Amino acid sequence: MNQPIVMSDMERRELLWKRIHRVLPFLSLGLLLALWVYVSQGENARFPSPGATWDRFLLIMRHPIKGLTIFGHVWASLQRVCIALICAWLFGIAFGILTGWYRKSDSLLTPLFTAFRSVPPLAWIPLITIWFGLGEFPKILLVFIGSIPAIVVNTHAGMRFVQKIYLDVGTMFNANARQKLFKIAIPSALDAIFAGIRTSTSAAWMVVLAAEMLGGKSGVGFLIIRGMDSLDMPLVLLSMIFIGLVGALLAIITQLTELLLCPWTRKQSN
Amino acid sequence: MTQPPSTARLSEAERVALVKRQKKRDKRTATALSVLGILGFLLLWQAIAASGLLSERFLASPLEIVGLFFVKLVDPSPDGAVLGVNILSSLTVALTGFGLAIVIGIPLGLLMGWYRAFDSFMRPVFEIIRPIPPVSWIPLTIVWLGIDLKAKAFIVFFAAFVPCLINAYTGIRQTNPVLINVAKTCGASNFTIFWKVGCPSAMTMVFAGIRVALGNSWATLVAAEMLAADSGLGYMIIMGRQFARADIVILGIAVIGVIGTLFVALLNVVENRVLGWKKQ
Amino acid sequence: MPMDAKTVKLSLRHICQSYVVGNAVRDAVVDVSLDVFDNEFLVILGPGQCGKSVLLNIVGGLERPIDGGVFLDACRIEGSDPRIAMVFQKLALMPWKTVLDNVAFGPQIAGTDKAVWRAEAQKYIDLVGLQGFEKSYPFELSGGMKQRVGIARAYTGNPEILLMDEPFGQLDAQTRYAMEDEIQRIWQQEKRTVLFVTNNIEEAVYLGDRIVLLSNGPAHIKEIYEIGLPRPRHMTDPDFLAIRKKIADNMDLAI
């Protein structure tokens, strides 16, 4: 049974490539790390070294800034994002269904919404701060504004382009208008709605940073600005690392939720 | 059993008219409603502003904004530059960063999508950079590069780079394998296939990426200018805020929105030119 | 196999349908009048995109004809009627529903009790031979199995008329033959009046009691054939081939 393995040149070369492919990611990560160490060397380097960033992490855990450790600040930002996102999802999905499903409200409201959407969310900051000051509400409002376009646009598209054949099935079985909406159109738009939820989540995470950078006493955006003002570059980098981590985590969580709630999209998306 | 078509009860002309009339009516209703929506909003806004419920510090009426637009064309107060200069300054930054992102991001994405070795080399680095929002690069870049064109263009670049790369990557990954096999049987080399088959078929996705990138770069630019700048539309609205001039802020927002819309329209024209074959 | 009592079940009278395409008006169906008998397997045969699906959609109430009317048991029907069900061409199974929920869609919409629709759906799932797949999602099924779900769905709710719009058009040849036998078995077990649309002559002769041949678009009736062959039919039978040739010679080519 134990046959000697004979490999052609081709196979041998393929095996070699496979090994190289396995090594390459580590090589590039190593190079990145080396680059990081290299640029952070020297007396007045403008980039904090890995060691300095780690020390800063330990420091903030021992001496919180404004009473919060880094996790506290992340949590503060996340709370804002959560409140704003829940409002945005409720409102956005309802609005998307309204404009995507009913032609008349589409004609009436969509041009207005498009005009609203063409303004980048951060450009509202000055106006919102004129109106509402610098408290908690304007920040949440801003995140709301930032996350609403993605969810509305996706829901609208999903509802607008429900495959006609599904509706035909409904007509065939004498479904009334309400049943067509709730039993056919909305379920069939679910994957589009989830795409909107995913995009709006990452948009919200970006906007909350900007909102916090422009004034606040907590949150990761505040930390970054604090680091910049006090020329505490390790703190800036540390915050960026955490922002990246949380952003990636949020993306994974939304994706998993989608798989859990809509098992049929698994196959379709492939 | 064959029945000639002429026994229909409605004449040809009647049927044509019937169908056409219905279609025309639907279209007219839609247009009327759209106009009604926008007009209604403007009227409501004007009414609120005119009623004096809110002080001038908080809200300016649409008519005042239009007036201010013409004043601001020649008057540099309160932020120190006329509107034209601000627009030009913003456009320069945005387009520099955007252009760089296209020139670097798209080829990189295409190469990563086609050559496995390159992919496994670049992928981890990209995955580390990707989840960091471009806005959070602002403080670091300010320290590195100051607040001039270079710094802001760098931030804009980051915002536009990611969608360019991702879409080029997915686009070329989705190349129809049949087309690749056709090229292979014709004896094309791997690079020829990449250049002649992979790249063209990735174009649709690439354009979708460019579209997102353009929106991102414009949005990020505004943020960058609000945090660190001495001119530009973002700077103008943040100054309007500091001088409590709601009218300047609203004008700035409107101009930013209009330019964003123009970008999208322009991109549509280009896309129709380049991807004409996509239309059926 | 002559019909003993040829009661007219369904009548189409002067059906016309046109669409606006850009600036022109395109006719899809021009003045089609037709009687369908009770428990008859009627095949509507036509080339390519000749408008046969449009005709079926009109009978099913999915489209309003621009002129003409549909009569069921001598009463005019408007819109979709619960006595008519359809098997769709493009496997219109809802991807978010399991097989059981897809099949039970009609009774669920009608607001039947859960116990009732479960039993009803189960009966037809068994009829089409899909026991054991009740909890599967459509993406987990093969093409032939999906179409079985489509057939079972049309049967639940117990319609008097089944419309089938090229149900096997997207299956590979082997599965197609198997499904043609299946649909005959199912139809003989649960007799209904069937309107079956196809562009495949062999399929038409294999299945139909009568064949209505349509012209190339806009659709109007070219010829109606009585197929007197006994069932089960064989595709290599000389009589079968003769009829097949006669129809083929008369059929328009799709462009």
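Should a chain be cited, it is by its letter among A, B and C, assigned in written order, with residues numbered from 1 in that chain.
Following the convention adopted for this analysis, contacts are C-beta pairs under 8 Å (C-beta built on N, C-alpha and C of every residue); 3 or more make two chains touch, one makes a residue touch a chain.
Keep in mind the model is a prediction, meaning the values are calculated, not measured.
Engineer: Using only Cα atoms to place each chain's centre, name the chain farthest from subunit B.
Structural biologist: Chain centre farthest from subunit B's centre: C.
Engineer: Determine which of the two chain pairs, A-B or A-C, is joined by the larger number of C-beta pairs in contact.
Structural biologist: By number of C-beta pairs in contact, A-B is the larger.
Engineer: Where the CA atoms of subunit A average out and where those of subunit C average out, how many Å apart are those spots?
Structural biologist: So the centroids are 47 Å from each other.
Engineer: Could you please state the distance in Å, as a whole number, between where the Cα atoms of subunit A are centred and where those of subunit B are centred?
Structural biologist: That gives a centre separation of 19 Å.
Engineer: Quick check: in the complex, which residue numbers of subunit B touch subunit A?
Structural biologist: Residue positions touching the partner: 29-34, 36-38, 41, 57-58, 116-117, 120-125, 128, 130-140, 142-144, 215, 218-220, 222-223, 226-227, 234, 237-238, 240-241, 244, 246, 249-250, 252-254, 256-258, 260-261, 264.
Engineer: Within their complex, state which residues of subunit A touch subunit B.
Structural biologist: 17, 20-22, 24-25, 27-29, 32, 46-47, 103-104, 107-112, 115, 118-127, 129-131, 205-206, 209-210, 213-214, 221, 224-225, 227-228, 231, 233, 236-237, 239-240, 243-245, 247-248, 251
Engineer: Mind pulling up the subunit C residues that touch subunit A in the complex?
Structural biologist: Spelled out, the residues of subunit C in touch with subunit A are 57, 60-62, 79-82, 84-86, 88, 90, 92, 94-97, 105-106, 108-110, 137-140, 153, 157.
Engineer: Which stretch or stretches of subunit C touch subunit B in the complex?
Structural biologist: Touch residues, subunit C against subunit B: 14, 16, 18-20, 25, 27, 30-33, 66-68, 218, 220-224.
Engineer: Along subunit A, where are the residues that touch subunit C in the complex?
Structural biologist: Touching subunit C from subunit A are residues 163, 165-166, 168-175, 179, 183-184, 187-188, 190, 262-264, 266-268.
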